[in-house]
Every structure is written in C-alpha cells, then in structure tokens.
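The same chain A turns up in both complexes below, where it pairs with chain B and then with chain C.
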Partner chain A sequence: MVLNLEPISVERDLLAPGHRLCAGCAETIVVRQILHAVGEPVIVASSTGCLEVATSPYPYTSWRVPWIHSAFENAASTISGVETMYRALVKRGKIEDKGLKFVVFAGDGATYDIGLQFISGAMERGHRFLYVCLNNEAYMNTGIQRSSATPFGAWTTTSPVGKETPGKTQHRKDITAIFAAHNIPFVAQAAPHAWRDLMSKAKKAIAADGPSFINVIVPCQRGWRYAPGDTIELSRLAVDTCVWSLYEVVDGEWRLNYYPNPKKPVTDWLKSQGRFQHLLKPENKHVVDILQAEVDRQWTKLLERCKVS
Partner chain B sequence: MTLQKVKGIPVALEGDRAVAEAMRQMNPDVVAAYPITPQTEIVMRFSDFVASGEVETEFIPVESEHASMSACIGASAAGGRVQTASSGAGIALMWEVLWVASGSRLPIVMHVVNRSLSAPLNIHCDHSDSIGMRDAGWVQLYDEDVQEAYDNAIQVVRIAEHPDVLLPTIHALDGFILGHSVERLEKLPDEAVTEFIGTYTPAYPLLDVEHPLSYGPMDLQDYFFEHKRQQAEAMVHALDVVAQVAEEYGDLTGRYHSLIEGYRLDDADFVTVMLGSTVGTAKCAVDLMREQGVKAGLLKIRCFRPFPAAAVAEALADRKAIAVLDRSLSFGAQINPLCLEVIGALYSHGFAPKLINYVYGLGGRDTVPAQICEIYQELVRIDREGVTGSVLRYLAVRD
Partner chain C sequence: MKRDPANNISVTGVPSPKSWREIPIGGVITDAGNSEEYHTGGWRSFRPIWDWQKCVNCKVCWIYCPDGSIRIRDGAVAGIDLDYCKGCGICSKECPHDAIKMIEESAAEAEAKVKQ
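Moving on, here comes the complex of A and B:
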C-alpha cells in the first residue's frame, strides 16, 4: 500500500491540538496517524481513559469529528449502536449513505479487562468498525495500576515491588490472538514509530467488510518511567526486543510485518524504563530469565503462525 | 393535537405479546435486547417480526443487558428511535449505563417486565428492579393490566421524545402476573399508532458529520451540577407531558389514564395506594368492603417518576386512614419507596393523616382480595381506636 507523507503533512488533523495529554504521550501520535489513514467521514467512540478525559473537558473538545463516550467497558457496544442506527436510517431512506466509517479508541484496561465481553460480542455480531487498543500496558489514567496487558515483572501501583513480589507475577494475555480467533477480517499489532506500517494497517482495517482490530503499543512516560522525549525510541526498542511484534491477520492468514535483526535481548528493554529497574538487581535475574523465555516462546509461536522459518 | 377516536381491534394477548405487538406497530429504528425471564417473550416475538419483515427495525442481539443499554445509547445518540426490554437482574446489570442514558438526555424507551432481584434466585414479580432504578433519571409509568401495558408502551415514546423532556422512559408490567397472562384488550390499527407517535427528529444527531458533536464529555466541578439541575427540570416538565400525552391518547382510544387514578375515591375514608397489577386486585377488595358498608377507596399511581406529589396530596388529604403498598423493600428504611413518596407529598402540602405501609408480594407471592380487605379492616380499627401502631408492616408473610 502506497502512503505519501507529503499530503498527509498538510492535511488537517481530526484531533485538534490543545488537549491535555502528557508531553511525550504516544496516544495522540497514534490517534492522529490512524485518523489520517481512515479519513472523513468518520465517527469516533472512546472508552473512559486518558484519551477521553484529556480530549473532552467540558466545554471544550479536541474532536473535529463526531465523537461519543459512554463508559469504561462499553465502547464496542456503543459503536455497535451508532453503526446499526446508521444502517437503519440509510435502509429506511431517512439519511443519505455517505460511507461513514466507525472507529473506537480504547485503552488496554478497557480492552483486555473490563470491556472484553463487549468487544467479543460486537465482533461476533459483525458490526463494521475498527477497534484500536491504545495499549500502554496498565491503567495509566487512574495512576498506573496493573491490567492483564501489563508484562510479567513490571512495577505498577497494584503490582508493587516488595519483599514477596518482584512486580507483576503473571504474564499478559495475548488479546490480539483472542480477537483473531473471532475470525474477523482484519487483526493486527502495530507501533507508532513504524508509522507507515500502522497507517497501512488502519487503511486495510477500515476497508474490511466487518469488524477489525489493531493493538498498538503506546509508550507512556509517566507509567513506564522514562524521559518524555524517548517515546518513539521506546516504541522501536519494543519491536526490536520482540516484546511487541508487528504482524497482521488478514482473513485468517497470519503475516509477519517486521523481523528484527538482530533480535535484541529483553534486558535492553528493561534497562530503558524505571518500571523494570528492580529486575536489573542480581537477586531478580531469575525473573528476567522467565521474561526472556516467555518473549522467546511467544516470538517462536508467532513465527510458526506466520510460517516464517 | 386533537384526535378523532378510532375503533379498537379486540384481541386476546399475554402482556409480553401485547408489548411486542405495540413495538411492531411503532416500528422503531433500532432495538437492542437480551433475553431474560419474564421478558424473553418480548424479544422472541419481536425477533419474529424482524425475521418476517413485519418491521423495518434493525435488531441488535446483544451479549448482555449492559451491552443492550450501551448499544441503545449509541443508537439513540446517532439519531433515531430506540427501544429495549428487560427484567430484574438485567436491569441491575444495566445500572451504570441507565445513568449515562438519562444524563445524555437520550429518549430511549425500555419495556420493563418486573422481576425480583437475587439472591435467593427468583424469577417472579416484585418491583425491586424498576424501583431500584428510581434515582437513575428515567421517567417511570406502571401498568395495571395488559390493556394498559399496551397503551403505556405507545405513550412512553411520545413522553421520552418530547422536546421539554428528552429523557429515557420505562413502563413496567408485573412479570408473569401481566407478562404471561392472557387478557382481552383493544389494540389500535397500525396507522393510528404510526400517526400517534409521529416522526422523531433528533435535535443533536451524532451521525450529522457536517456538525460534529462530542457526546459524553468529561464534566467536572464547573458545569456538572448545572447539567444535573437541567436534568431535574426536565423531570418536572415530564409531569405535564405525561398528562398531556395521556389526554391525547384518551381522545384516540377512549381510555384516559393520567398521572394518578382514583377508584371509588371521592367519598372514601379508608384508602390504599399502590402501583402495578395489584390495583386490579385491590379494586375488587374495595367493592367487597363497600358491600360491608366501609367507605373504602383506592389511589393508583400510574406515574412514579416524576412523582405527582401535588395531585397525590390533594387526593389523600382528608382521609381517615391510608395504607401504602410497596412491592419492593428498602432494607433498613423506616418506610419503603412508594410510601416515602406519599408521606413526602402529604407532609409538604401540610397534611398528616394516619398512615401505614405494607410490603407485599415479594418474589411473586400472591396477593388476593381477602388480604387487601384485611388491610381496610386494619385502617378502620386504626381510625376507631386512634392508635396507628407500627407503620411498617408485611402482608401475608410467615414470621
């Protein structure tokens, strides 16, 4: 898919500046990239979370397109309703078919945890919408609590580092594979530094005849404990260490989009962020070994699924 | 609007089917619903109408009631007519988003088939579900019989969508007692329903991409309270609108049901107050008591939210003794929700008649005329002896 940066660079952003997200937050980068790729006319739904609170402090809004927020867990159901009403009114000749597109932006807490049932239901019913998970690997809006997207060993305020526990003691779940198992037309993982890959995926997703899902890693300088200027480098490092892989599942066919060479050790990833600092101590080497083994296992599994040898 | 009375079509239907039939005639743009006893018959029947093309509605077979209300919110904000139906635990699961629907001023209609709340598990009627959503900002009507379930199902659309109201609205019919009981009713011809509900033009459709709106913003200390104040005002407006819509519907059908209704009330000394299907049972008890020379009467509350306080106070002001019947229990309260409203209405209008509160019929426990006759006899005793005794009582329960 050809993506020309020049027209995009002068195109109006559908998310206006002046919002209240943190300096260095990857969420707006990803939202703007995706909305440039999707284009108008588009309707956006958000779950409760950083993006929602920072872009809609009444009486202000950063959204230049129709936008709806209902609650934390139900953005997929909400967009189901919006999309269905659109079809209903077009069918009854009450409004004109303008080829409206429907996009959800939700965090990992809303996607992996509290909203899982709602997304699953909406995907099974086959509503035509793109669901984007802005995955910063914890409940950042409430102040860095662990979610089921939080990686093994990470410090959060509800998986603290103490005498008994070295951060989170469970591996994260593979939500992207869970949604791929819904047999929807398009599922992918992406990252903001790989903007061309991300935007191509958004274009494919929105063109799909049915539900689509993109899980995007969004480095969070507050929650991951790094300098705000390093966001894009963190995104790149996540992919080069294989803690986050770029792939897509198109009509059930798994395709790898990036093969890091060399594949960097997970310690490079751990060293880059304050949330993993405790793991660098000698007494926690076994935790690092477990994490590396899991990253390798998941990477091998992905290569098998993508038939890459 | 002045309407010409139309000839009704007599049919025999269960309450759930009467509601589904009203939904077919209303032909909403979107229905999102989930099955739950004793409401299931409504979604089953309506699904048939969708499958057979008898409605143009897009039906969303959601995976839960929370999703049902969430999809209704999205669909209503998008800009069209939206309905759902639920019961008991389903309404409890919706609780969070009931408030989103009303706070976003979305005129969603929900047909409620009353069911108790677990635990212990019980699928039968009491009002814990709809009274439990008392403070969620929904207009609430209660149905006395299957005819009224049908009539209210149609009227609530007009109430919810009225520009002075714009609030989600329920009408509630007693599970099984009305929901699964066949009664004779008169339905309207399809075109009369179409004409009565008219067309809906949403003021702020999300689908209008030329005029982008942000729905459901973050709203903190500086504006939230004003928005809630406006919502409260909309509820006040609903009082007039419920009455006005009832009047128009009465012109159309000859059946006038307003905010409250009296039965043999004018000269009554002893009055029971209630809502729902027990009104019919109590009318029978009133007649029995009248035969015994007791001046018994009844006040039916059709509209519980907004509560028609002035009308209730006026209707009850000079009675010798009153019993308010609640089919839900507010654990630890001095009195229960309907009684609380009635006492509040009386007190704020300067009246303090002798009054007791009965909890009855929880979990579908039968309530029969003889039990209500006993209540009247108790009211007579209270008046004779001048001693009220315990205000809070339980009807027909083993101690």
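Moving on, here comes the complex of A and C:
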C-alpha cells in the first residue's frame, strides 16, 4: 500500500480548523491522518478527553462527519450501538448499505483505565469498528494526572517528585497486547511522525472484518513539558529509543514495522522532556536503570513475538 | 489577542455569542465544522514564513499541521492560513528543506504595516 501526499492533500480535511487544542498538539495530527486514510462515509465516536472537549465547545463543532459523544468510559459501547443499528436497518431494507465506516477516538485514560471493560466487550461481540487510542500517557485534559499509560518515573500532578517518590512508581501496562489477546483481526501501534505507516494501518484496520485497534502515541507539549514545535521530533525519538515500538498484529501474526538502528538509550528520551528532568540527577540513576531494563525487556519480548532476531 | 473593550469580544473575527432566540431547539448545532468561525490565529506568538526558493512542494508541512492550516492551492503549497495557525512551529522544524522560518508575530505585524 503506497501512500502519496499529492492526491490526499487536495482532499478537504474532515476535521475543521478552529478547534481549541493547544498549539502543537499531536492529537489532531493523528485524527487528520486517520480520517484522510479512512475517508467518507464515516461515523466517529469520541470518549471524554482533550479531543472531545476541544473540538466541541458549544456552539461550535470541528467535525464535518457525523460525530457522537456520550460519556468518558463508553465510546466503544456507543459505537457498538450505532454499528448494530446500521446493520439492523440495512438488513430490514429500511436504508441502503453505503458501506459506512465506524471509528472511535479516545484518550489513554478512557482506553487504559475507565473504558477498558467496555472496549473489551465490544471487541468480544465482534462489532466492525476501528478504535484509536490517542495515547498522551496521562489525563492531560483535567491537568496532568497519572493514568495506567503513564511511564515509570514520569512526573504528573498525582505522581509527584520528592523525597518519597521519583515520579510514578509503577510501569505502564501493555494495552496493545491486551487487545491483541482478544484475537481480533487487526491490532497495531503507530506514531504520528511515521504518517505513511499510520495511514496504511488505518486503511488495513478499517478494511478488517471485525474490530480493530490502533494505539498511537501523541506527544503532549503541556503535560510532557517541551516546546510545541518538537512534537513530531519527540514522536520519532520515542520510536528510536524503543519506548514506543511500531508493530501490527494481523490475524494473530505479529509483525515489526520499524527496527531502530541504532537503538538510542532511554536517557535521550528522558532528556527531551521536563516530566523526566528529575531522573537526570545522579541520585535517581537507579530509576533510569530500572526504566532502561524494562524498555529492553519489552523490546526483546516484541522481537520474539515478531520472530525477528 | 486584540479585544473590543465595549463588548469584550475578539476583533479578529470571533462572532459575538448568539442569543437564545437564535439557537435551534435543543441546542442542536446544525452546521458541521462551524468551528471555522472561531479564529485561533489570535493565539499565535510566532508566525511561519516561507522561503519559496527552497520549498519543493513536498507537503510534509501539510501532513504534520495540527490545525490543517497549510493552504494548498491548485495542488501546491501556498503558505499558511493565518486565521487558524497557532504558531506551534512544527512545519518549520519538520521541513526537510529548511524552507520555513518562524518569526515573532509582533515583528511580522509591524512589517505588514510598513508594506501597507
């Protein structure tokens, strides 16, 4: 699947400008890329989060496609209902089948924590939809609280840095593997700097016969503490340090999409953001060592799963 | 952002709030994508400026713009939409040909005034 920007760039964005996300926010970069890949006709559901709040402050909406939001936890249930209603109406001959596509955009809080059982349920029931997790690794919308996607050692307002704790004291959970374990047709991890990879994954996901899941890292300049222009650079660095790996699981088969060469040390990643600045102090070296060991462990595990040596 | 002191609304194009008589029943928003009416360009403190000698029209800026503010005219990059550009500087940083430079908004505005 070769993607070229020439034909895509003349298409109209399905997300209108004038939304209130921070300058340099990666969420709309990802949403624009995915909506260009998926195309109309599409129905989008969002759970509560930065994207939902910033694209729909009354009386405005940035969505040029049908869009639905009901609560924090239940975007997967909402899209299940929409998809089932559509199928039922088509089956009864009440509407014509126009090949409608269904997409969910939700944050990491809604995906990793609050909505987990709802997504799991929707995937088990086998609804045909694409679930995109916009993973900025904390509850950024409410002011940077830790989530189960927040990495080990990161500062947030609820994982403070001080004498007692060096930031978050738990590792993040591997939600992508959890959804891969649902044995759905397509699961992937992606990043906005690799737009060709991300967009081709979105195309594959939407073509899959069943639920699909894409976990996308979205650098957050407010929560991660960096200059707004560095968003794409950080996305690239996350992949090069193996903090975030690009892979896909197609019908149970794991495939690695990018092998960083050279694999950069995790300290390069820590140096780039204010949320990790405390880890650069000599007294916190042991925390960095634990983090590096975990990154290496996950990377080795991924290589084994993808049968890459 | 410049504000009109009389009614405290932006003079850069943000419409005044509607009264309840003008709002559809149930508060339904009937105009999809009407956030276009809200100009986020007023947030900007840096402005991207193109060097057209260097731009090769690769559209990398377009795919990375969070605000969809890179204008495409007749299939070619045609600069920035200042109504929405928040001045994040991603286009400038990611341009593979170093064709986009960020300058301070106040300097850009002063320059525009001199040209007039």
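Convention: the second predicted complex is superposed on the first by the 309 of 309 C-alpha atoms of A that agree within 3 Å, B and C clash if a C-alpha of one lies under 4 Å from a C-alpha of the other, contacts with A are read in each partner's own complex, and residues count from 1 in each chain.
In the analysis below, contacts are C-beta pairs under 8 Å (C-beta built on N, C-alpha and C of every residue); 3 or more make two chains touch, one makes a residue touch a chain.
Since this is a predicted model, take the numbers as computed values, not measurements.
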So, after the overlay on chain A, do chain B and chain C clash or fit? They fit
| task | Have a look at where A:L100 lands relative to chain B and chain C in the superposition and call it first, second, both or neither. | result | first
- For A:V10, select first, second, both or neither according to whether it touches chain B, chain C, the two together, or no partner. second
I'd like to know which partner A:K91 touches here: chain B for first, chain C for second, both or neither. first
| request: Identify the partner contact of A:T28: answer first if only chain B is touched, second if only chain C is, both if each is, neither if none is. | output: second
What is the contact status of A:Y58 with respect to chain B (first) and chain C (second): first, second, both, or neither?
both
First (chain B), second (chain C), both or neither touched by A:E233: second
Geometry row: CA centre of chain A as apex, chain B and chain C as ends, angle in degrees (steps of 10) is 100
Least Cα-Cα separation in the three-chain superposition, chain B to chain C, whole Å, stands at 6
The shared contact residues of chain A with chain B and chain C are 58-59, 61, 63-65
Within the complex, chain A is touched by chain C residues 18, 23, 27, 29, 31-40, 43-44, 58-60, 62-69, 72, 75, 81, 83-84, 86-90, 92-94, 102
The residues of chain A that touch chain C in their complex are 5-6, 8-10, 13, 15-29, 32-33, 55, 58-65, 192-193, 195, 221, 227-233
Contacts from chain B onto chain A in the complex sit at residues 29-30, 32, 56-58, 60-64, 66-68, 70-80, 82, 96-97, 100, 104, 206-209, 212-220, 223
Note: in the complex, chain A contacts chain B through residues 40-43, 45, 52-53, 56-59, 61, 63-71, 73-74, 77-89, 91-92, 94-95, 98, 100, 117-118, 120-122, 124-125
